Each structure stands twice: as C-alpha cells, then as structure tokens.
Amino acid sequence: MSRRATRHPAIFTLQRCLRTAALPALGAAVVAFTLAMWTEPMVASAAAATGARAPWLSLPIFVCAFSCVVTTVLFWPLLAARRPGSDWLRRLQRGPLHGCGAALSGALLASLLVCAPLCTVYASALGAPSIARTHTLVPAPAEPLLSAKRPHLHFALAAPLLGNELRLRPLASLPEGPLRASRVRVMADGAPLAAATAEFDQTGQIVRIPFASRTISALELVLEDGTVPLFFPTGSVELIGAGEQSGLANGLFLALLAQIPLFVALAFACLAGAVAALPTVLAVAVGVLFVMTVGGEGPLTAALQGRLQGHWLLTTSVFRQCVPSLLLGSTAMIGAMMLRRRSRR
Amino acid sequence: MATAISVQQLAVSFRTRQGSVAALQPLDLELGAGRIVGILGPNGSGKTTLLRVLAGLQTPTSGRVQLLDRQANDPALRRLVAFQPDGPLPLGVLSAPEFLAYVGAQLGLPNAVSDARAQAWLERLELQHAGRRWVRTFSSGMQKRLALAAALLGEPSILLLDEPTSGLDPIGSGVVMQILRERAAAGMTILMASHHLLEVEEICDEVLVLQGGVLRARGTLAELLGTDADSLVVRGLDHDQLQQLAQAATALGGEVLRTERQRDHLFALFRRLANEPVRGQPK
Amino acid sequence: MIAGSWSVMLAAGCLAGAISLVQPRLDDARELASWAARPAVLPFAWAAQRAAMHSGNSDEVFARAQQLLDLLPTWTDGHAVFAGQFALDGGDLAQTGPERSAAAHRRLQIALAWLENARRQAGRREIELLEQMAFLPDIAVAREPGLAALLPAGGTAAMADHYLAIAEQLGAGPVVRENRTFLAVQYCRGLLDAGDRRGALAVLGAAIVRSADVRDRDLATEWSAHLTLVQQHLLGEPTDLSAVFADLRFEPLFPYLR
C-alpha cells in the first residue's frame, strides 16, 4: 500500500472497522457455535440438516456488519447532519458525498476481510459441505396440476443440464375420491429416471431421486395411480447438477454477498445523514441491516442457507436476487448526492 | 494593496418553522491582503455565518463573494483559503500526525512536504509529545492548536478563524497570536471572529462589528476608538501626595479621569508560575 | 451515597427473599427467556421455516421446526404436524425396499422421541399430543408397509394403546377411552402376528371389561359380545363366529378366526 493510500479516508475507516468488528464477530462466532452444538436438533442425519444452522452463521455476520455500520457512522461525521467537525471535512473532501463513499468502501472492505474466514472456515465448522453443486429450479408449465384428468406434466429446461439428482416437493390438493396416495413416475427426455415411483399424499413431502449423471433437457411427470391431485409450482422441481465446485470458493462468494446488507444500510445512512442527526441515522442504518440480515430480506438469507446446504452460489438466480438490493442501495446513494447538493444551498 | 476578499450585497437568511430569519443583512466589504481583521459581535450576530460563506460552506441567499478574484465555491480555493471552525476536530480517533497527514493528502501536498510541515507545526505548537494519542482525548486547548496547525498546513493565502483562542491558556494564546502576526507579515490575510476583545485589540489591524447580521462599525482601532491619549502612571506616592499631583494636573489644564490602586496583571503571575518547575517534576 | 448503598442492599435482600420463596429452576429461566425472545425471534423463525420448506430437505425442515417450536412449546398441533411431516417424508427413490423401511423406521422413532420430549412442556394439551402420537405409527405404516415388520410386537396398535393408556391416566375424556377399547382388534391382531396368543387374550379380556364404559349402550353390548366370541375361539372353545364375520370392524382378525 502506498504512503498516500494510507492517508485515505477509506483506509482510516477500514482500520477502524477492523479494530471494532473483528473481535465482536469472533466472539459471536464462538457463542453461536456453542449454541449450535447445544441446540443440536433431533434429525435422521445431522449432515443433511446443515441448512438449519444458517442462523448460527448469520449471527457473527450480523455482529460484524453491525459493528462496521456503527463504527463508520460514528467515525465519519458527514454520515449524519450537525456532527461536530463536519465543516472541516466538507472543505477538505472532494466529491458529491464528501468522502462518505470512501468511508463506505473502507467499511465494506473491513467487513469482507472479517466475513471471509467466517464464511469459509467457520461455515465448514458448522457443517457446510466442502463441495458445492448447482441447484436449478425447473420452471413450471403453464398449468402445473397433476391429476387423474391431467396425468402428464411436461417441464422444459431453459438449457440442457448435467445432473445426478432430482427433488420433488409438490403441494397436495384435496383427494378426488377415497384417499389413495398419488404415485408419480418421473421421465427424463422420454426415459424413466428411476425404477420406483414417487408417492405423495400430503403437502410438504419431499422425494429425492438420485440417478447416474446425465444431461437432461426435459422432464415429464406421469400420474400412475392415486387420488391426490398434486400441484407443481416453480420451485417444487429441483435439478441438482453433477459438477462439483469448490466449497471454499463458495464461502468466499458468500462473503461477498454478505456485504450487500452492509452496503444498503450505509447507503441509507448516507441518505438519512443529509438531513437527520446521528441517532436517527444510526436507527435507520441498524434497522435496514437488521431487516436484511436477521429479517431475511435480500439475498443473504438464501445465500447463507445455500452455502450450508452446498448450493453453488455463483448462479444467475443468486445474482438476480442481488439486483433489487443493489439497485436500492445505489438509488439511496444517488438520492444522498442530490440531497446533499440541495442542503448546501 | 491587493484585495483579498471582496463582498458585495451579501445576504444570508435561514428558513425556520417560524419563517425566514436573516443571518446577514446586505453587506459590502473589501479586505486587503496581509491584514489581520477581527470580527466582533454578540452571539448570533452573524460572525460564523460570514466566515462560512467566505469558506464556501454556506451559499449566500444573495450577493457576490470573491476571494483572491475567484468565486467562494471555486475548488481552487480549497488550498488557498483555510478555515478553522470553532468546536472539536473531526476523526477524533486519529493521532495528531495522522490527522495532519490526512489533511495534507486532501490538500494535495506531496507526502514529504506534508510530513515536514506537520512536524514543524507540531513542534511550534508544542504538540510533538502527544504521540499516538487520539485527538479526541486532547484538551480543548490542544485541539485548538492542532486545528491551527491543520489550517496552516497548506500555507493558504487567506486564513479564516472562528474563535481561534477560545479554550487556550494565556501562553498558548500568546503563541497563536505570535504565529498570526508572523503569517500576516508574510502576506497572509487573516479574518478572525472572537469574543476576546483584548486579543483583538492587540493583534488586529482592522475590526468589523456585527450585530443582528448588520455591519454596525468598521475601521482601524484608532478610527473606532479615537486618538490615543497620553497618560501618566505613578507608583510610590501616598494618598496626600497623589491629591497634590491631581491638583497640579488640573492647574495645568489637564483632566483627571480617575485614580485607582493597581496590582500586577494576572498574566504576569501566570507566566511566572508556568515557567517555574513544579516541585518534584522536571520542567 | 449511603442511601444508594442501602437501596442496593434492600434490593438484594428482596431478590434473595423472592428466590428462596419461589425457588426457580433452570427450566423457569429458560421459559422466561423464551417468552422474552419470542416476539423478536418468532417472525424470523417462521420465515426460516418457510424457506426450508421451499428449498431444504426433510431433515432441515424438521430441524427448523424444532427451532421454531422451541419458542412455542405448548403448540401441540404444530408439534404433531411437523413430526408427522418428518415421519411421513417421501424418502429416497434410489433406496431399496429394506433401506426405505429402515429409513422410515428411523424417522418415526425420531419423530416420536421428539414428541415425547415435547410432552413435558405441553401442559394441559399433553393429552391431545398423546392422541396424535398414538395414530402416527399407523399412518407411517400405511405409507411404508415395510415399516410394520420393524415395529415392536403388537405393531402400530400396541404403540397407539401405549400412548392412549397414558392419556387415560392423565384424565383424558371418554372419546380416548372408547378409542382404546375399539383399538383392541388391531392390537390383538398385532400380538397374534407376533405369536403372542396369551397377550392377545389379555387384550381381549381387558377390552371386554372396558366395553361397559362405551356410551352407546347398544354398541357396547354388540362390541362386548363379538369380543367375547373371539376370545372363546382363541381359547379353543367351539364358537359360532358368523356374527363376528359379519362385522367388518373385526376384519383384521379374520385370518385367525378361520
């Protein structure tokens, strides 16, 4: 790092955030790991239920982001209105946000540095698989109801996929006659995918169909017997890719995704700080952060779960989930620029 | 003498829930280079607002402001005009050298130049011993001195100071006054708002008096206070002798304004004590 | 300062007195913490449960349900629903028959063990929970017939009888009592399948006695009479079983009556 760079507000913020966030995040990880072990659920296979440990992974990430938000807002006076010393920075810092963007970058970088080991090493300790696979949700046909009147359902994949497992989780409707579980045969490109049929009689049942790796471009579900109509909306048919991806890379990608709530929270702080004082700005930023981490809005919750379930995160669907949050944060930043320009008048 | 600051029909008003409040009524000013100008006035008279407008931090409601023949919000003035606001410094978790390094970097100074100047100012303002201490743990006097160092780091042509000596001890105040005199002698224009009338009287070439946003008076001390009268201070006479001296003065056509017993100034005592080592501690 | 010290001492004394009077247990503290945390955590626990149902497997859904229901210990219907969903999971189509049955057996055992654990905190709804536990094995066997061979002697009926007996001891109403009486046929069949004729006769004997408590007097008389006929047949006495064969409720026993 050049000597000039070490005098940059982004580096000051990075150093401050690292100092204040690293230890609390580590402490939270220790506490969360202990709680995860203490509250181990009763399941058939703990390895299969690692996704349920997502709250214990989200806790240290939230603590890290919380520390970074509070530190940054307190450190950089221009993130809130009427802070002592802000006149100094308004004269010294160039740019429409007067260094708020640099402070935000420093906080994001610090959080990324803390989150990287959390999302790789700590997630592995929580049971995240060392490999990841792509999970593709097969789009549902126009009328996704499988019943005696309509015993065939066709699913077309956007592009042929090399997979080795299919998961079905339909919604069950009221039986059309005396209750008899519906038996469904699964065909891939015209050939049966498994010798046995899948049986469903209520919502929430999940059937796994492992098969030898093959490329699939179309799926067909055939109702062979039973009186329970089954509804297969998008999300109820999931094809799992055969290719193995690095769990470490998946963790690092999760660490990147974990910065989205922090980015949005600080962007909102920047926006609110143009007119509001410190308590309001802190409340707004922490509120946004809470909603986007613990509250499950935005891509982080699904990404945490995906990491622990071994879902490969570098897919278009995950990116698509990030877009609204990124747009929201960017809009808040643009709004902050406009408000700050106006409030100077 | 070149004009450093030119203000024409400058007015600033703030919108509040109760309506519009005029912080500065239309004001005209021309200040020459190399002068120290004091701004006096009660709280709320518009001193800080005037300084903020000149620093480009406040957009005037109307009027025209030029510093060094440039508009107040010209980016080039960031380095040519320094502003030392009143109140604590920002980024309180940095040390004094870190803070000055940051200021230098933002002013675009080369690192070596910035560091050398920072070191010199820290020594001159007796802050070199603060080491890695956070700025926010400094006393208000230390913060004021560091603020002045930061303001002077870019060697500006115009220095705008808001209460530069509030919170400073008399010696620190004296050091600051001495520095300001030197900078003015070197051609820097200094505009300072202060409530310390004695200091203003001691250092300023010119004084502006604001009240309720209106410029009530402007001029040199001699213009404002009249010609200095010669006076006689005596020591060692008793009451009767003093009466006789007064009668003699009256007989000569003079006027005796008052007679009083005078002690040494507190400042002399302070300076003497500050220079004496405390018992058990090296000075 | 002195007044402050006195206040602290007084408060400490009151606290000590309250603790000695109430004698709180660790469970009380946990319950208190659960009450305090519930409003903040519950919405997120629900969201996580929904997410798991959308993208997780049955183990994960059940694990999430446990996290959710730890906050709602007295919600017995919720316990029953999630335990049932886990026990009746569709499983893995690649598994062979015995593998599927073993997996189903393991899931059933876990679900029942979890419900057993939930009983402690179910309070006055414990009886409802026991009723739901009683019928879970039967539904699981209907879904996975291979499971029946892995259950203890008496099969699903023995398990149901066990839970209903506890419910009765806890003061369950007449419906539970009658259910248990009418369950005797399946229970008997289960014991006969396991070669336990003496056990089957004991079940029949108890059911005949209990028939007196059935509220519908005609039904009670008929049920008791048919049970008596079956009992006599199993004891080796010559019996006319035509009335029993005409009663389809006794169909499970027909193979042992011919």
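We just call them A, B and C in the order they show up, numbering each chain from 1.
Assume contacts are C-beta pairs under 8 Å (C-beta built on N, C-alpha and C of every residue); 3 or more make two chains touch, one makes a residue touch a chain.
Owing to the predicted nature of the structure, the values given are computational and were not obtained by experimental measurement.
Colleague: For the protein chains shown, what form does their contact graph take: line, ring, star, complete or other?
Modeller: Contact map by chain: line.
Colleague: Give the identifier of the chain nearest to the protein's overall CA centre, each chain being represented by its own CA mean.
Modeller: Located nearest the centre of all protein C-alpha atoms is chain A.
Colleague: What chain pair has the highest count of contacting C-beta pairs?
Modeller: If you count contacting C-beta pairs, the leading pair is A-C.
Colleague: Find the geometric centre of each of chain A and chain C from their Cα atoms only, then give the gap between the two centres in Å, rounded to an integer.
Modeller: 38
Colleague: Calculate how many whole Å lie between the centre of chain A and the centre of chain B, each centre taken as the average of the chain's C-alpha atoms.
Modeller: Here chain A and chain B have centroids separated by 56 Å.
Colleague: Cα centroid separation between chain B and chain C, in whole Å?
Modeller: That gives a centre separation of 85 Å.
Colleague: Chain A touches which residues of chain B in the complex?
Modeller: 52, 55-59, 75, 78, 83, 85, 87-94, 98, 101-107, 111, 150
Colleague: Which chain C residues qualify as touching chain A in the complex?
Modeller: Touching chain A: residues 43-44, 47-48, 51-64, 66-67, 70, 85-86, 88-94, 103, 106-107, 110, 113-114, 117, 143 of chain C.
Colleague: Can you list the residues on chain A that touch chain C in the complex?
Modeller: Spelled out, the residues of chain A in touch with chain C are 39, 41-46, 48-52, 54-55, 135, 167-169, 181, 194, 196-202, 204-211, 235, 238, 294-296, 301-302, 305-306, 309.
Colleague: Help me check something: in the complex, which residues belonging to chain A touch chain B?
Modeller: Interface residues on the chain A side: 3-4, 7-9, 12, 16, 75-77, 83-94, 344-345.
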